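By written order: A, B, C and D. Residues from 1 in each chain.
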């Protein structure tokens, strides 16, 4: 009953096997493809091998073929998966599918689960989550949502533009967030819709060329134009979309952190390897003080990130919104992971910026995490507001 | 059996009562004396009230009048005590007494416990720990130890100079670390001796004037000159001093962090209060973005420190040396606490540097923590070395 | 006609002599008094010796006994003076007297110059500048000015409260900024008044206890209560006080930077001395990589500060307001000097926090500079606003 | 004769015209090609237009078709050129050609100048500089040089491997640094050789894929194998190569800084444009405090970089080695430019990581500058060593 930081044996064992699988199976594939899987063959082959290794879909309920890990369990396992850029894809826990499974498991009807969650959890299809809009639409400020859904006979008609919709290329379905009451700028009500990928009202405008490239299915600009869906496409209840978004956002924020934390550890290992091998000015690189400082700061950043993630996961598992804890963890991790990869690259010198090793690729991949899922500034703003609100409440007592 | 971050109810309740006691009883005394207790009256009065509140000596075994908290329990309670500069003194958990009690409980003989630990745990006497020496003696590098103890009939004669011996002024006894084999520079063997304060061979050279002033009994330069002690003054076994130092150091490092973390929270509360009250350029101070950023960064630093402390405490409670975890936690906390107090002071502007509030005092008190108990550089060096050693070991497997 | 960074020979020579004077005469006095001159004897003796050395009052016009240095010349000489905490006092270029002389030379009438500037420039009297008010009065936001002056027969009556008025204790006169039109919050008009120290309407409320202690005459809270002055007490023109404040503020901001930059160099020299002497882990301290990093970062911060100061001084000497350049230089220097002193102290370890050397004192002295004369946040806000205004102007062209 | 920061009128006018040319001619081409010129057509067309605009080859002597700018003049003009990634290519002042022209002008024979410098200065051919070697060869530590040149009848035979040889693909000639006496690890003697691009002993091993891509001609791994050159291929004197490298390195280090400083200003302008246009939470983005802080910090970093560059250039123009000043400027600028681009990207949010604007590209381009031309750590080490040497010298006087 005392504080305990040791994962349950089954979780520890799954994490250990995941670590082994990633090192032995995934890393070689990742290195061969320079960190980016660009074909279905790579994806399905990796997933097949993850299934064989018994490490597939660890977060999904047992009824859907997974291990039913809670957030604390995910923290242990996803970090190991994130050790390779392709680990999450192999385990079917990459964004945005992982978050979508979480959401569907939590709020979908049985029919919707059979139709959408089951094949998704099995890796047979992929999905996406269409919330972010180009300025001045919904981004850091969700209440700016401009995409609209209006009632039509037997269903809804969705119109609006979305961008940075990860994984949309090739997705079997999209969870689309659309305004069903109120005006942009006021909160009002939003609703989530399950839109099939072949709906004629759903158009891919373009692939957005981005600094990061490893998220399978790209970042896409989508257009919903006279996009009609039937009533059973409503996910959860009408006008409750902002609330459901929170159901998805908090955990998704943390699983991002877990995966990137794994990559930070990888970067640290690559740099340590280099620091151990390379000699300069008559010493091992790793015995030079400024290099030791970078190695130590990496170690500190990694440990602090892990502690913050665990705190937030524990709160989520207790059933709270954990919004302060997830904002804190996300802000710190996004910046810490960035620092770790940057220092690792610096330790490796010219080799670090070359394609001979993967650190330049990692740097590109982790940079946007300080922006995606809420920029650091938005989170800091929210954190400070909660501190002040806490103060105001205490003061008026 | 899963990961659990909730303290046991008894610990949580003790932490709650400690928080209440500190706010209601200790803070007013602290503010009256500008953070520094300079007389025995203040100390004994505070301790009397702590006993009355049932929050005294929480770390000591029940047999010695305490609550027998393990390290995780201390983490919860000491942070609350540290919320005031005088909280640890009131609870009898201030450095160096707290660490000495821990050490005596772990390795002293029953007789030594009765003679030294019992009155110390009751707050009847104070103590000190004499390890650090002026350059080129033992400091960041313990193996440089120059103070020597040589065998004489029926005991030992100690000679050497120590400095920065916290609390030595008025201490009833000193635990003195002296070399009993080997030469300075090589590790060799050291032994711990219990030296009574009235031993004629123990002289106070001077009070060292320091930036920090709140540790009761000051920082003292001591001279051991023909300081003869009997055989029963040996604490533990001869030549095992470096090992015992580790028994004391790891936990003491963490209790420092816990106390200072409490002070960081206090600084944050003072700054938040100010940010909530003060208006500037037509807004509340706390609604200006750059102030929000400082408030948020404080919140992040506090949360990350707490996570790292807990991790190290958990490892210590499992019986490990936890040397990597305590180095990481100490380095991060010492710097984080410093940043938090510095930002809090900045938020308060001119008021912050004035004696009208305590932040200037806090800044002075926390600065040395980046040096005491191992400077950040020494810890980073040790952290990096362990990372490399881990790598080398894995590579040769 | 090309870019030239070499000071004129006469300036270079004065800087050289100032450096020599400070090292040989001032530093010993500073060390004896731990950086704080608390008596008139110390002040007058130092100034007598500065006169004898021909380095006194370098910034004042030749007609008033000085060397008539422009801002670039001051940059060279004041940095040398600032090498000791007491150097500026010795040369009569300490705040606030130095800025007051600058202001009086620029806008006072001949009579006012004879009565106020002449004895001030000679070091016979001291002065202060009463602008800052406790919240919610004039501070970061000058337009919040609440002290009022109202017309009475033959003069003005001043009422209001000021605080953090440096040097007010013992000052022969105060330059008081008071609102003569408009309401607090709107800019309106302010006027500067020369108020004699023995005016019965001028009361010293208290010495404010502050983290810094080296500015002669302390930081004082003043009360103007029915403080009547005659018409010839008006400095410059009525309602032009905010404009004159700019005349004083830009240069005063830079001379602060120059002096503190000198102190940063001193801190670096103290740390370098230590790094050269002390051995640790078998190396000179200064050969350990993390120490080298701190030494190098200090060197970089010092060089960058000097460059920014020179840029601003050059702009001021060209007759511009140089408001962007002085904001940039002040913000950077205040933080850089702080970092330098902090790193120097860290290099010196326990010795650094002890009173055996002056770094702890320096740390206390430089901290408030990030707040005094406009907190970094206010300057950053102003800098960013000017960038945006520049953009808006370019965009509408 | 006083300190003067205003460039001569002719230089100011050339800088103005360069700025205009870059904005009107180069930026559109850069945007069209996403910052990377991949064909000779683009290069020659840009250079043709630069010649027409009278801004071509500003650093080369008038006799070679340039404007003969000294280092201070280059500081003014190159910054303007660097405002676009393609500006330096257009003006024929990109690395490594610019540094090679500098070197050839300084030490080549008249014949060598006619044969190599003249067509290079005219943009008719390109060149490269082959010094860096893969580990454990010459990199941060030049004395590790392993490429060897041995005397053969009428000339020399060069053998060795080089990498990160910028611009080597398509270069008409290479300046190759090879050891002509001593052993790797000891300094010994090196010699520079002019090797024609069609020498059969010079082989391109591969294009190194790097994070940055904008330097024309790529980063190449080269193999010198039985590469025989005649005696007149020796540049300067035998065994003086390390000395000549310094002739090239100091100025080349500064011209890198100038160009990247221009790019930092561009990033700041892009971010400012965005901050001025975009609205969030009811304000202009640029009126939110955290954004203002980033804009202000950019402005500070840009100004400080410029000051440090100017100081180093002035010292170089006085004929000194300026090694401390160039190390300081290079270290600060490389990190400052990186911070500026990173903050600019952060301000732009998702747009910033997209290819819709160039900031992601800029981030990739500037990252290696913290490694190329001496990693920050090597420079800091050198800076600190010089500080200690300065101290030791003063102490023994």
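Simple rule for what comes next: a residue touches a chain if its C-beta (ideal position, glycine included) is under 8 Å from a C-beta of that chain, and two chains touch if they have at least 3 such contacts.
Composition by chain, UniProt nomenclature: A, B, C, D = Acyl-CoA dehydrogenase family protein.
Computed from a prediction, not measured in an experiment: that's the story for all the values here.
S.K.: Give me the fewest steps it takes to get from chain A to chain D if each step has to go to a chain it touches.
M.R.: Each step joins two touching chains, and the minimum needed here is 1.
S.K.: Taking contacts as defined above, which has more of them, A-B or B-C?
M.R.: A-B
S.K.: Between chain B and chain D, tell me the centre distance in angstrom, where each centre is the average of that chain's C-alpha atoms.
M.R.: 51
S.K.: When the centre of a chain is set as the mean of its C-alpha atoms, what distance in Å lies between chain B and chain C?
M.R.: 39
S.K.: List, in ascending order, every residue of chain B touching at least 2 other chains.
M.R.: 288-293, 377, 380-381
S.K.: Once bound in the complex, which stretches of chain B touch chain C?
M.R.: Touch residues, chain B against chain C: 132, 135-136, 139-141, 163-164, 208-212, 219, 278-281, 288, 290-291, 345-346, 349-356, 360, 363-364, 367-368, 370-372, 375-377, 380-381.
S.K.: Can you list the chain C residues touching chain A in their complex?
M.R.: Per the touch definition, chain C meets chain A at residues 288-293.
S.K.: Enumerate the contact residues on chain B facing chain A in the complex.
M.R.: Per the touch definition, chain B meets chain A at residues 1-8, 11, 70, 72-73, 268-269, 272-273, 275-276, 284, 286-287, 289, 291-293, 295-297, 299-300, 303-304, 306-308, 310-311, 314, 324-325, 328, 331-332, 377, 379-381, 383-385, 387-388, 391-392, 395.
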